[in-house]
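Heads up, the thing below is written out as structure tokens.
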Amino acid sequence: MDNSIFFKNKKYFIKDLFPAKKFRKNILIEGVKPLLSANKKDITIFDSQKYTKDAINTKAGFCITTEKLSKFLPANVEQIIVSNVLKEIALILIKIYPDANIDYPDSSLKLIKKSLKKGIKGVNFFLGKNVKIGKGTFIGTNTIIEHDVQIGSNCIIGSNVILKNCIIGNNVSIQDGCKIGQKGFGFLPNNIKNIKFPHIGKVNINNDVEIASGCTIDRGSVDDTCIGNNTYIDNQVHIAHNVKIGSNCMIAGQVGFAGSSTIGNNVSIGGQAGISGHLNIGNNVKIGGGSGVVKDVEDNQVIMGYPAKPLRDFLKKND
Amino acid sequence: MDNSIFFKNKKYFIKDLFPAKKFRKNILIEGVKPLLSANKKDITIFDSQKYTKDAINTKAGFCITTEKLSKFLPANVEQIIVSNVLKEIALILIKIYPDANIDYPDSSLKLIKKSLKKGIKGVNFFLGKNVKIGKGTFIGTNTIIEHDVQIGSNCIIGSNVILKNCIIGNNVSIQDGCKIGQKGFGFLPNNIKNIKFPHIGKVNINNDVEIASGCTIDRGSVDDTCIGNNTYIDNQVHIAHNVKIGSNCMIAGQVGFAGSSTIGNNVSIGGQAGISGHLNIGNNVKIGGGSGVVKDVEDNQVIMGYPAKPLRDFLKKND
Amino acid sequence: MDNSIFFKNKKYFIKDLFPAKKFRKNILIEGVKPLLSANKKDITIFDSQKYTKDAINTKAGFCITTEKLSKFLPANVEQIIVSNVLKEIALILIKIYPDANIDYPDSSLKLIKKSLKKGIKGVNFFLGKNVKIGKGTFIGTNTIIEHDVQIGSNCIIGSNVILKNCIIGNNVSIQDGCKIGQKGFGFLPNNIKNIKFPHIGKVNINNDVEIASGCTIDRGSVDDTCIGNNTYIDNQVHIAHNVKIGSNCMIAGQVGFAGSSTIGNNVSIGGQAGISGHLNIGNNVKIGGGSGVVKDVEDNQVIMGYPAKPLRDFLKKND
């Protein structure tokens, strides 16, 4: 299981996790995964009609879902019907991954005063245990790379950068002060004390990506946060948990993405635009600066405004 | 006096501070405080009708105010009538607190290479003198905690965090790269050289708060900046001086608060919304992402837009 | 040549840079500069009618331009006519300044554990080679000042600040976590691998400027990024490459400037406003918080909205 490189998981049998439920078989659970990547030994979740297509095709052994959605699941998936899917999955995740809901600082960090060996160049940076870094990669001063992070070759990691729970490709440039892989903004509100939602996902950054100064990219909750090949991201951009951005995109300064939206390839987004959560933005879409996108956008659209609409309508309205 | 733990104050008699004014008594001034927390040995300020209710109830010995507002003050308050309250108070603050208008780096900082004692865990962080940290608290790498800061127990302070002039409760989580307690954006414009307004307030962060990566929270000018219990704040949020946020609030990414606004309890604010200065936002208010709030908002309202209006009106307008 | 203090340039004869073109003379090129600062031994660029006035007055020896624009150039400028000016100049810059398109961390940095000598005060900060710092300047902890940076006297540089490729005046205050002088967001899109546009410019910060926490100010591409005297900038402001901000301006929190805009003197900009690229904003302009400015603005205007319009029109529309 992929995520286990960052978060240790405890082993439970399904019947011990849900003692009040009945199951056809009692299996030692491997992990919690999204609908399409879960296998027979995993628990998955299905909590919105938006994901019906994935639910129909899931190969998960067990699925936490609602009465209403349960009919879409294949017959061989054992259903765990609950009224509040997110609460149930949060409590299960806390049991299986007890360290994923709080970002404890990495106590394995070691100061590297100066490195020129193995092709890694840098002055005064910090590496956690099991970090893997490719040849020809530069690491900036005061940068912190936590345990198990993987970085490809010929990357430039700037200064004062913090990398955790992430896998980074080749030829990636991450400029000063970026923070990548921290827990996202997910919790169950509770008036005495909120329940923090564990984040067992990671951040995948593909080849040839450029991320400018001061960006924050949260790791996924159950799924991963992904940045596609050759996508360029300007300063102070905020990318929330589970966001997936395609290849060859251009994201200008101070853009913000709420959680779980998917952005196609060749998308350009102007400065300070905001993308709401759980949206699908198609390929080749152009989004004007300052726009607020609150609905799905089909391929090849040019949109602008708050709420964003086709450019022609925006211009007409603002004559 | 609370603030004196962060800023040394010089002692002046009231007659030496205002030699051109007449006073009934000559008192050694203890400090400068807001209307409601000032006592007989303090100077307070009253510069806007918005604060008339506080003015009526002040127990301050001395109050800098305007001719027009002076009638609201209790009879036993000695009035210092001026034409420009902010300028007068800035000059007095510079005299009494000469170190509060510029954030000199803390020269008392010591590097802690590795700590496991007293229940504080961390690798390579910096502590100033008189810092107090509770048991079970983790401190991230490269984090800087300046003199006299107080942190409760079981807190998680991330890496590359800077804390100064602040008091933090228990079970608080502050993620990577936050900057808390720096001087706010206050000054008297002047075409040759602006006069920096001293900031003698602090930041109070209550129990069970979560503050995500890259946020900035400025300390108060005369009053404090406050974050209530169990309030959660997402990445890259900017909270200006004197802002008071209640309990159980949810503030999404890249939200910005201008100075001196008060936010009630159970308020949720969507990503990239902006709250103008000196506003009162009631309890249980919901503010849509990207909104620009420019007026006070009563309890239980749902608002959206720029300028923000009730959701129904916003949706009608954008049909 | 100014910029050569930060970027080493290779020496080429003009005929070796453009072997397919014919020139009246073969000159050893000194550098690439903007229209008005280039001299006989420099190459300049002219790619938009917006800069016709500068083109008419250029003293450059050589100019890369289009067929259409070439008629505006003085007769003694040797023209290099191309179809894509930006691509051509990018390729030439990569040849002449091979280190300017990627921000390699500075390997000359040395840790200064504690400094009190020469009037520079600080604990645990990093200086690159040839850094010049004036008397009475404080440097914050973990701050990184890369090679050849110049800082005037009586400045306050906060903690976790990164300064590179910049020249800073006297009495400047830069608060915690600012990142100044990194490469801007400029590249030639290319579906396999974008071409990064070299940034050979620097950041000039004049006297008495205040820059609050977490700001990012990119260096110029061919020109410089400039902040005028006594201008104050609040937290989390993003200033892109080549932006020029005048004197005595007030820029509130989270404002963003796209590349190459020019802002006059005495301009005030409210929080979260965005200024599009390549605009001219006049003197004494007031821009309301949250505005999106997409057109040039004349002197003395008060504007607001998205897109920004005169305040009167904005208020009428939002009655």
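Couple of notes before you dig in:
All chains are identified by letter, namely A, B and C, in their written order; residue positions are counted from 1 within each chain.
Here, contacts are C-beta pairs under 8 Å (C-beta built on N, C-alpha and C of every residue); 3 or more make two chains touch, one makes a residue touch a chain.
From a predicted model like this one, the values you see are computed outputs, not experimental measurements.
Taking CA atoms, the transformation carrying chain A onto chain B includes a rotation by 120°, reported to the nearest 5. Two copies of one chain, chain A and chain C, touch each other, and the residues they use overlap weakly: the shared fraction of interface numbers falls below half.
Chain A and chain C have Cα centroids lying 33 Å from one another.
The multi-chain contact residues of chain C, meaning those touching 2 or more other chains, are 142, 160, 177, 214, 236, 254, 272, 306. Partner chain A is touched in their complex by these residues of chain B: 121-124, 138-142, 156-160, 171, 173, 175-177, 208, 210, 212-214, 230, 232, 234-236, 248, 250, 252-254, 266, 271-272, 289-290, 305-306, 318. Across the interface of their complex, chain A is touched by residues 102-107, 109, 111, 126, 142, 144, 160, 162, 177, 179, 182-183, 185, 187, 189-194, 196, 214, 216, 218, 236, 238, 240, 254, 256, 258, 272, 274, 276, 292, 294, 306-307 of chain C.
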